[in-house]
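Below are two complexes that have chain A in common, paired first with chain B and then with chain C.
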Partner chain A sequence: MAVTDAGPATEVAKRPSRLFKNLASKIAAVPMVLVALVIFVGCTIWTIYHSFTRSRLLPAPEKWVGLDNYERLWGENRWLISIENLAIYGFCSLTLSLTIGFVLAALLDRKIRFENTIRTIILYPFALSFVVTGLAWQWILNPQLGLQNVVRSWGWESFAFDPLNNAEIVIFGILIAGIWQGSGFVMVLLLAGMRGIDEDIWKASRVEGIPAWKTYIFIVIPMMRPVFVTAIVIIASGIIKVYDLVVAQTSGGPGIASEVPAKYVIEKMFFSQNLGLGFAASTMMLLSVLVVLIPWAYLEFGGKKNG
Partner chain B sequence: MAIVAQSTRYGKVTRTILAWAVGLLFFFPIFWLVLTSFKTDADAVKPEFLFFFTPTLENYLNMTENYDYWRFATNSIITSIFATVFTLAVGIPCAYAMAFNPSRATKDVLMWMLSTKMLPAAAVLYPMTFLTKNFLGIYDTHFLVIIVLSLINLPIVVWMLFTYFKEIPKDIIEAGKMDGVNTWGEIREILIPLAWGGIASTALLCFIFCWNEAYWTVRLTTTEAATLSKLIEGNRAPEGLFFGRLSAVSAAAVGPIVVLGWFCQKQLVQGLTFGAVK
Partner chain C sequence: MADATTNAVTEARGPKPRRVFSSTNIIIYGTLLVVCLYYLLPLYVMIVTSLKGMPEIRLGNIFSPPVEVTFQPWVKAWSEACTGINWDGLSRGFWNSVQILVPSVIVSIAVASVSGYALVNWRFKGSEAFFTILIFGAFIPYQVMIYPIVIILRDTGGFIGDVTGTNFRLMGSIWGLVIVHTIFGMPILTLLFRNYFTSVPEELFKAARVDGAGFWGIYFKIMLPMSLPIFVVAMILQVTGIWNDFLFGVIYTKPETYPMTVQLNNIVNSVQGVKEYNVNMAATLLTGLVPLTIYFISGRLFVRGIAAGAVKG
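== the complex of A and B ==
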């Protein structure tokens, strides 16, 4: 015990001098922290507070209703579908973007002709907004215009591929567009990471007779951990933005089959003047992000803190 | 790479073909979009005109004449450039402080900032709209759009800059201190030239995000500061209508960023590599 306590104790002793030593650089970081704190946290608290009231339009005579809004929210089918869709989309988008991005990166890493050109082409969708991506894929997945029609004209008359009009699989139609947009960037990021890995590691694994795929999984991927973290952060912020994609592709249809939470909130707040419910929904989104994010973040960053 | 020696010629050809097939697959939707933008609205919905049709500039002419494309484009350019510059101006000192003078809270602060990026924008949207419209009076101004774009991109910018700056040996910065250079001098004279690749690729990424942002800009603007995202939003019609016009608007909206990307992608890839190398 005494040994383990020694570390933090000396740290504490040094602290006052440290606090002033880097004063200039600490001041440099203040604006950012302050702005984020005031605007984001301020507005969030405001939202949470109003989720317990029966506000319809602002400024409104607020009436405290406790958990009423939450009860109504969880009783509503539309909300449940939204949650389910986001969960499916989030999980699939994360795993598939990483897998596809990694496979493509491994493919390009092996000295392909015109690598630069191919890389640029695959990266391009990332420069397109979700709105434009959604529109382009809406046309491709359209049964009369797009893929289904083209395949049928080749002679396969019974071919059917119409995900956007099928309530069961509509979220996967949206997923295709999302992955098309994002995996190119993941590829470039991971390719950059792979290029940073020492050639000697490849030589050593070849000498040992380890097959290439095993080297990738057990040696290369663990070494690329920081790159993966950046990739996951960028994919995750894309998952939050799926709203644009849904609106452009299906507007939440057919029926309410492809609703997502962000769309639900916007609809309640801006179109059906039901602020309390909208605030309750956004508070739930906030809560679920925290529940998933905080344990992960502490596992990821907590371990390295003393390193 | 080293494995090349091991692989056969046959394997290399297969991989090249495979890579090209994937490339074409990725390229096709963009190609389709551009192709459709040269069709009339009537032709665009006819499958028999998929590849063979009489090209027309009607959609583009219509867009510039009736929809004031250039005003939206100017707004997009102004807001994206200023937001990127502002974000970097705040982000560089912040990442500098975190990378070179880490305290025990640095990782926590960084994580906390990143976590705000994950939080749903919907939770802040209404209060922001309400505040800016009724109290601050900055609704639908360039100023507001720039501030909002900067704020949503700051966490990722700081995160990326931090990973680049971490790679720079501390000794170089310390040496500057010995020579009596102050903090601003260190950032300007030493840090920025050294991390130029990383900063440039971060800036490009930030610019792309600003340009494409729709969730906020569509709702916080009406006419004065409306960006290209708003123009697309305004031209959206129920399924099957005005495909030609809509794809022309979309193509014109992403056009500038695609051209910019063509010139900068090498920089972007190099910058990313720079950050990834340990």
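== the complex of A and C ==
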């Protein structure tokens, strides 16, 4: 709208008003403004609003039903399982990828040979899609022909490792694939942070005779706090988005044992035409992001103000 | 900031190992060897499985190299495998993905680089506020925005179709998906370009202004030629990201225009027929080949891309 109106207006006006100064730059910023306002703000508010209405299939007359959708959502077993899975996956994925990433970064930081080769090997899964990751691990964890079968053929007849068909532990089968895919990225992040630490710290700790592991735990990790915070925010926002990995690896099965919220939302919206529930569930997802994001933003921007 | 991180990666600063064959060194290299094997294992398994015949897979173990190497599974995955509605294999998905990829990468980078440029050199009232919304928007789960975008695409596409008298549609077409990729690529790419353009000396910009160059003149004659490396980084980021996308492909396209990842999933997870693991693995490798090639060729630039996205300026 603004674009088409502004064109002739500048030709007519004798003194260009402030609004039309640097017109080209303002036109160029239109996509950014549209994305920010229409998509990120507008669509989010739209979804939150509609989560309080009974919308089965839009466009349809919508009726305000208050917290009705949320009550049904939290009464549904499928959603509760999704939340539980996300909590387990999220906690394990966060701690494991941070631990593995840090240990690998520390190993790579010890002036070793072939550093580039090793880093390339550890990071390559990150270039692959979740679908490819999920399918590869689905094959490796195949009970009849995969890893379990190989270990049994080595003579350990009673060996049992079949996470993808066991509702109790299926989420850990997905976790293995997720860690394989993402831990290299955490390593690269932490390694960059580690390299940013002054070498004098290492000299000083050597002079004092402090063992390396102590230096890492008591000096390096506290100094890397900003990098850890960034890594945690990135990993956490990735965890909430987990969708294609589950779809490819287990399709949510066995039964509904490996459902996750992101998948729940898509299914409610596009396959079972239950939009109200979908909107309520996606609003809950947004809420959980805010729980992570707000403290981070506070630390980040509060910190800048103070110095 | 992006520069600082990547330059820093070049030199190690940890404690110095003392002797070549010290026990510490053996532990370090031993651990790293095991770790590398673990990361390489799935790729190895995929490759050997895709080169075996089905009888050999049923009998042998997944780690053993193929006794009889066959490329039949690759041929079948590419041109014959059943994707649910038709029997022409992954090739269709591959070309769909290429058709989605090329315009998406070009449009998203063009829009984001111009936005970043406007943010740095042509600030207007509220521009930083919009940028902040953009950055926070990157953390909003896609699921929150996905449905309203369906409605927007359906209505605008239908409107354009009615006005032009064609059956142009955005929803279900490649162009709708291009718009979606442009939208969701914007936060990270704008950040990337904004940070890079900040490092271009302002004197250059001012001199060009004095010489009478306008918004686009400066963009094409100064900013673009001076920032080619960051354009390459952005391309790597977008090519891998868009190629690997699954969610948007499922939601915003029709079965005929499904990208490769979606078709791959349909092939492997289809419940009908006998499972052909070798074909499945060949298909999986085929889909992973594009991002893997980009990754191994680009090397350090890939690392720079993901680090630049993570480390804020």
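As a convention for this text, the second predicted complex is superposed on the first by the 267 of 307 C-alpha atoms of A that agree within 3 Å, B and C clash if a C-alpha of one lies under 4 Å from a C-alpha of the other, contacts with A are read in each partner's own complex, and residues count from 1 in each chain.
In this text, a contact is a pair of C-beta atoms (placed from the backbone, for glycine too) under 8 Å apart; a residue touches a chain by one contact, two chains touch by 3 or more.
Source: prediction; values computed, not measured.
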Clash-or-fit label for the pair chain B, chain C on chain A: clash
Which superposed partner A:Ile240 touches (first chain B, second chain C, both, neither): both
First, second, both or neither for A:Ile118, with chain B first and chain C second: both
Which of chain B and chain C A:Leu147 touches, first, second, both or neither: second
Chain B versus chain C as contact partner of A:Phe130, first or second or both or neither: both
Which superposed partner A:Leu287 touches (first chain B, second chain C, both, neither): neither
Chain B/chain C common contact set on chain A: 22, 24-26, 28-29, 31-33, 35-36, 39-40, 43-44, 46-47, 58, 104, 107-112, 115-116, 118-133, 135-140, 142, 145, 149-150, 153, 180, 184, 188-189, 191-192, 195-196, 199, 202, 206, 212, 227, 230, 233-234, 237, 240-241, 243-244, 248, 261-262, 265-266, 269-270, 275, 278-279, 281-283, 285-286, 289, 293, 297
Interface residues, chain C side, partner chain A - complex: 4-6, 8-9, 11-17, 28-29, 31-32, 35-36, 38-43, 45-46, 49, 57-58, 61-63, 111, 114-115, 117-119, 122, 124, 127, 130-131, 133-134, 136-149, 151-152, 182-183, 186, 190, 214-216, 240, 243-247, 250-251, 261, 264-265, 268-269, 277, 280-281, 284, 287-288, 291-292, 294-296, 299, 302-303, 306-307, 310-312
In the complex with chain C, residue positions of chain A that touch it: 22, 24-26, 28-29, 31-33, 35-44, 46-47, 58, 104, 106-112, 115-116, 118-133, 135-140, 142, 145-147, 149-150, 153, 180, 184-185, 188-189, 191-192, 194-197, 199, 202, 205-206, 212, 215, 227, 230-231, 233-234, 237, 240-241, 243-244, 247-248, 251, 261-262, 265-266, 269-270, 275, 278-279, 281-283, 285-286, 289, 293, 297
Chain A-touching residues of chain B, taken from the complex the two chains share: 1-4, 6-7, 12, 15-16, 18-20, 22-24, 26-30, 32-33, 36, 45, 47, 50, 90-91, 93-94, 96-98, 100-101, 103-104, 107-111, 113-128, 130, 134, 151, 154-156, 158-160, 163, 182-183, 208, 211-215, 219, 229, 232-233, 236, 239, 243, 246-247, 250, 253-254, 257-258, 261-262, 265-266, 268-269, 272-273, 275-278
Chain A residues touching chain B - in the complex, by the definition given at the top: 11, 18, 21-22, 24-26, 28-29, 31-33, 35-36, 39-40, 43-44, 46-47, 58-59, 104, 107-133, 135-140, 142, 144-145, 149-150, 153, 180, 184, 188-189, 191-193, 195-196, 199, 202-203, 206, 212, 224, 226-227, 230, 233-234, 236-237, 240-241, 243-244, 248, 261-262, 265-266, 269-270, 275, 278-279, 281-283, 285-286, 289-290, 293-294, 297, 300-302, 304-305
